[in-house]
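Heads up, the next two complexes both have subunit A, just with different partners, subunit B and then subunit C.
What follows is the complex of A and B.
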């Protein structure tokens, strides 16, 4: 410490205090701009105020809705494969549904940009039925997003992507193909598409146009449950043989898969017949709640019958609501007219994270995206959780901007 | 009739959790409000595929063992009664420099004072005497800081002169200045400067007392992490606050600080108004005074105090879930610092913008936490810092490509200089930029280190001038903007300190 003496040291210490005052005096009175936060707000607004500017029927029972920004300024940018969560008020029920943006990112650019979502009316689907009846040109729609991780990442994925679609599961792949053609010359894509019949093929024109524009980068192969007697069409499952027929060097590809849960369990058995793939090479989009939870592997037999009661606590207020065992905890809460924000509705994103105080539940094995500590502390994601007994849960209040 | 609380805590980051727990434990009716649906702020976790990632923590300082706990473990376990499974980090750091030619470093430094000095002597023969002097000085500084901390901004200069003379000699100087005074060999100085990026201030502007205290705590107590990511700690704090009778409202935004005749009367939240005379803010003064208060209630001096500060670094992190084990990949260490050089002035300047080889602080989580990912896999995170708002200038359309470009540079540099292959094994990747951090934490410019503690605004100055800095009565800052500055350990301690000062305010008001 030869060079450092007490008196100069003290002086240096006191100087800090003096400097402080000097800096305060010299400082501005006006706040500084913050371009980073501004950008975060533009890219991830609390909510989206959209208006339907077009409705078209793709095939019977499938409609595409075009949505434009009601506020001035362009829509947030997104990556092909991402979704928006649409907020719906049906009767007294506030609910939400996740829909993949079926238009391409470049189509969202500029003041006239838009997102499109493509919806199939399910015979027993109360939300899709309601949308088909009520959503018209001019209808205002509140949503959040874009969200989701089902997109191509060049640091992780191969440059040649194999997209496997079942039915409406084509929605993420049409925008991927269009966007890749538009400004991603390094990427190519082979689409394998399983449909019920030739009348059920979605985005036929758009996809044919992409393939025609760059046949060396894009290919598309369909297979049908029922070819409706048409010549030259492939009939049969989307199986290992179909993949091997159409994908050169199948061991060197990343597979993006979107379709019904039943297709996923089938493909998981087929892939080993195609090649020895690493887990990272097969990427499944989340698929929402299954039609019948009692048929999901692991569901405890004999528990499925009847109803139960859920005591729901929110910021200290208690509500007792009825619940059906075949439905998720989230659905029961929404049906009772309570607000619980949700987003992916597949157990993945954790937006509906709530605390289970007591009771037995069944959690979808493929929909358990909970954090490790949350499992220990008894938290659940109600969108992928089914009651097996009376429950007591603590839910967060809804985000005001979104509900 | 609106609800009345003794104190309202805004933000459930580390500081907010710690402050709320302290208030609730003191029997005060406490409301903690948080804009997200879960606690923690930066101290959280997120799941991608079969991996659960740690968003920001590299390692906690001042935890120590159960038998010999440091301040942070004492606070969490003994004061709050919160149980967490702590795992020790195996070594202090591996430091690699890549642009110093024949002087390039590649050293692995251990924890433990004697181990550290011994290893330094191996790398830098003849460094032992100056290292020993450094450690003695560290001990003296620790004692002085303990005294100043206890004094609550009223340190007696006579006591300081008498009992903490060496602290007074060096406390006002920078790290570089004191290292030189210790006659420390240049190479040893460089190796010992490695932690600078944890503060984000170059060693010519970094207060020596602060740095010495940090290094000393790491060396004597090691570094620790919670087993189930930071979320384990945040979620346990949440549960404890509620069991102590505190209320927590999630998905709730603080919109306005309510005042009457210049006095704080409550908080307008997105879920209604609540009455209180005491606000503990675990958010930035920029947000609280700039956005949540009527400007006529904000003294000009307060605005100047905000504007006199510069923000600390904005973080950029690449998270990788890899489908090979750390052993298979050849990742032998937990914590890697890879710099172009240990000329921290140059490094800090490089962080003003984009550059080809971003400095990085990289972690292989499995080296401290083997069970953090499924069998046959491991987790890495690569962090770099920006000292400006450069990410705000990127056109949105080019944003995703830019973040991938930076991520790829960092992965490539790591592969080249550690001599391993990473890229083919990426199963999951996520990238967080300052924009991401602004989005999730609402910190100005996405800054993760609050206000820079360079030069005149060091921890020492903040602690010694607690009184002078308190301008708007009824508002105190926990979290990284608090007196003990930023960083995980500091924010827990800030929360407690701020709550205690608030309790003193209440007592004063009750007189």
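What follows is the complex of A and C.
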């Protein structure tokens, strides 16, 4: 009955054992290279060791820092729109900030390649202030990246992109325009740029050069809060009317949007007046922690006052740290000099994922990038989580900033 | 709430009974099994979350399963399978998995055939008989023989490492008789009509080898897992399983450290003595369970290199390394119902010729054989209302991916992904591209980045006849080249894949647990 009989099977097994020996004898004793992992490491190194090789003032209070690789070999390739996470040591605080790479991917190629980041000094921003004071030519900078999903996908997005920038939100779009001109002939881009005043326009020369080189593919339209009395400039909000004026067939475009949170909430109300757009057509860059969490919808009233204590466990060691209720758990941990890796600082990437053992928290509704199972099990992303009471958290071990 | 002891809080100790490298299914299972036996265990994971490929990731409003389509060998409360016995009975992790009732949607484009190949044995037999009249007796006998493979594998699982050939012959002579045979050898003996076989071969993508190369005990087990025991789907992605196992592990007193890569396994006089982490922490132990592949361990981790037996590399290099995937994860902005994506598992090919399909995985050209998954028909809340998830993947060899330049890589993976999307669109009559709200494309480099496996491979090693489960079980003492070092996960004793990775972790740790138990009894 049996089709596969034991006795012939045993012979086959013996033959197989012989085969195994043969293969064993024929095998060499060499180490095997692994070019796939090598490439993965080149593209996503554990950290970047960079050195500032140039600093220029774009407009008052806005500086561009040029960063070159301190290690041999070229910088990792990236997609226009991606960012690096710069690691900083300010006093006892170990922190990180995400900055879009404002130079084009092709400018990072080769041994002299570079990334540039463009930073605005905010009146109350202790990191930007510190960078403006301390970052000079020759300063060594530790970073990770490139990271991020805010780039044009050939499989998802339309070939004609509409880029909407508010203020410093122009940083992903200058590299997109430059790169598309350089080697993406199938793509075109219309930039709609909202600025405070004509003196505040960033990357004017670069963008004008791209538009001049291929006016059939690239266009840019600026609108100003204050035209400073100059003739021929558009004064007014970046609104539905402005989009309709300048974007033909607006229903057939993918919109990439980068700017302050207030611009996002305004645009979300304006887009329905432009066209019936699918959700996939409007893509917002994450914008970090809000200035004032207590004004975020859903924040429990009356909880914002005062301070609390967070018991932080890391690698088996316990530290008790003070925290302000209006700041993120991540910020409190960093100010205490503990190391917790972070990247996007907007709740999305999950690199700071930690276990909340006890206590009440508020999590930004737009910044809750947790996996379903993590929500069930009480994990948090500290960069988008605010303490409402004393907390106990377990954080993963992190890597120290080198500068 | 977890109490202090349950969290395993306390400074990293200098020595542990065991260290587990990597928190994939094999590593988590090994860690849990050791910890529940009262041994002190440190589990080190290089990534920031546990799970390896048994995980998910988020883009926009979607959470995507990475790798696992279905959960087999789970059984049911009434008839417990080995996974149930380990997860539920041993560890108390009881997850409500939705059961799959429908088989794989199969489309052969040459003949424009579209069908759903049923899961359950009797339905499957009827289905094939209808299309190939007269095939029933041979198919039935063949499927029964496949079931023998599964029960033999379960026997190997249950009875630990020390498999004695004579016992195996007495109890499971089928697997011994088939141990030297390929799947084609076996189906030839059963004289199954060629056309009938094509319906049975559509699960080859779960293995990555054609029928004239894959060891029959492996493929027979896969077939039996699909047609004879219940098949389930992960409800909240398989990351839920990883997260719950990690939680259980710490509750049992184990210490899990994420963001911690192991850089060295210390060996002295042929014995494991400890590990060194990327931060230079030295941890003493005499037992290391590696979820990292032997290729990673023997090529990179053993320290000093003089402690690496020449045999180890020879044994490694006699194998053919397995395959990776080109995968795309799509969040679509319409419901599965609206788009007509009514099936859970998809399989697309030119025709039933697996050898031709296999030949197509070795270069970076468009591939006409690929698989798909849409969880929503089975798990309606797998994505927000009015949306669905669609996943396409094709098996690929990693080598040609390693020859690409860094710059060419991005364009190439998107080009090939776009080709698969268009092929699937044509077959299904669904304008997929119009509805892609989120998409991520993974290639071997992506897997290498996140799980660190050699060449970004997901199926560790090919299950060729000369390197398959029976011969491995019988020669495993010889495989233990360094005292105290065992492999779990895809490079464990069993088949590559989700259930066997879990079981490998349990299996590999039995010896140490028994040894510790005996010592305790003596004391």
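List of remarks:
We adopt the following convention: the second predicted complex is superposed on the first by the 392 of 403 C-alpha atoms of A that agree within 3 Å, B and C clash if a C-alpha of one lies under 4 Å from a C-alpha of the other, contacts with A are read in each partner's own complex, and residues count from 1 in each chain.
We adopt the following convention: contacts are C-beta pairs under 8 Å (C-beta built on N, C-alpha and C of every residue); 3 or more make two chains touch, one makes a residue touch a chain.
Keep in mind the model is a prediction, meaning the values are calculated, not measured.
Once both complexes are superposed on subunit A, the partners subunit B and subunit C clash. By the document's definition of touching, neither partner reaches A:133: not subunit B, not subunit C. By the touch criterion stated above, A:297 is placed in contact with neither subunit B nor subunit C. In the superposed pair of complexes, A:14 makes contact with subunit B and with subunit C alike. By the touch criterion defined above, A:318 reaches subunit C but does not reach subunit B.
Of the two partner chains placed around the shared chain by superposition, neither subunit B nor subunit C is touched by A:305. With both structures placed on the common chain, the touch criterion links A:374 to subunit B and to subunit C. In the overlay built on the shared chain, the residue A:231 is in contact with neither subunit B nor subunit C. Residue contacts after overlaying the shared chain place A:357 against subunit C, while subunit B stays out of touching range. Overlap of the subunit B and subunit C contact sets on subunit A: residues 2-6, 9-17, 19-20, 23-24, 26-32, 34-40, 42-44, 76-77, 79, 109, 149, 153-156, 278-280, 315-316, 341, 348, 350-351, 353, 369-374, 376-377, 396-399.
On the subunit A side of its complex with subunit B, the touching residues are 1-6, 9-17, 19-20, 23-32, 34-40, 42-44, 76-77, 79, 109, 149, 153-156, 278-280, 315-316, 341, 348, 350-351, 353, 369-374, 376-377, 379, 396-401. Partner subunit A is touched in their complex by these residues of subunit B: 37-38, 45, 47-48, 50, 52, 133, 137, 165-166, 168-173, 177-178, 180-183, 228-229, 231-232, 235-236, 239, 247, 249-253, 270-271, 286, 290, 300-301, 303-308, 314, 323, 389, 391-394, 396-397, 399-400, 404, 407-408, 411, 423, 426-430, 434-436, 438-439, 442, 444-446, 455-458, 460-461, 464-465. Against subunit A, in their complex, subunit C makes its touches with residues 1-2, 7, 9-12, 48-49, 56-59, 63, 141-142, 145, 169, 173-174, 176-181, 185-186, 189-191, 236-237, 239-240, 242-244, 247, 255, 257-260, 279, 295, 299, 310, 313-318, 324, 328, 333, 398, 401-404, 406-407, 409-411, 414, 417-418, 421, 433, 435-439, 441, 444-446, 448-449, 452, 454-456, 465-467, 470-471. Across the complex, subunit A meets subunit C through its residues 2-6, 8-17, 19-20, 23-24, 26-32, 34-44, 76-77, 79, 109, 149, 153-156, 278-280, 313, 315-318, 341, 348, 350-351, 353, 357-358, 369-374, 376-377, 394, 396-399.
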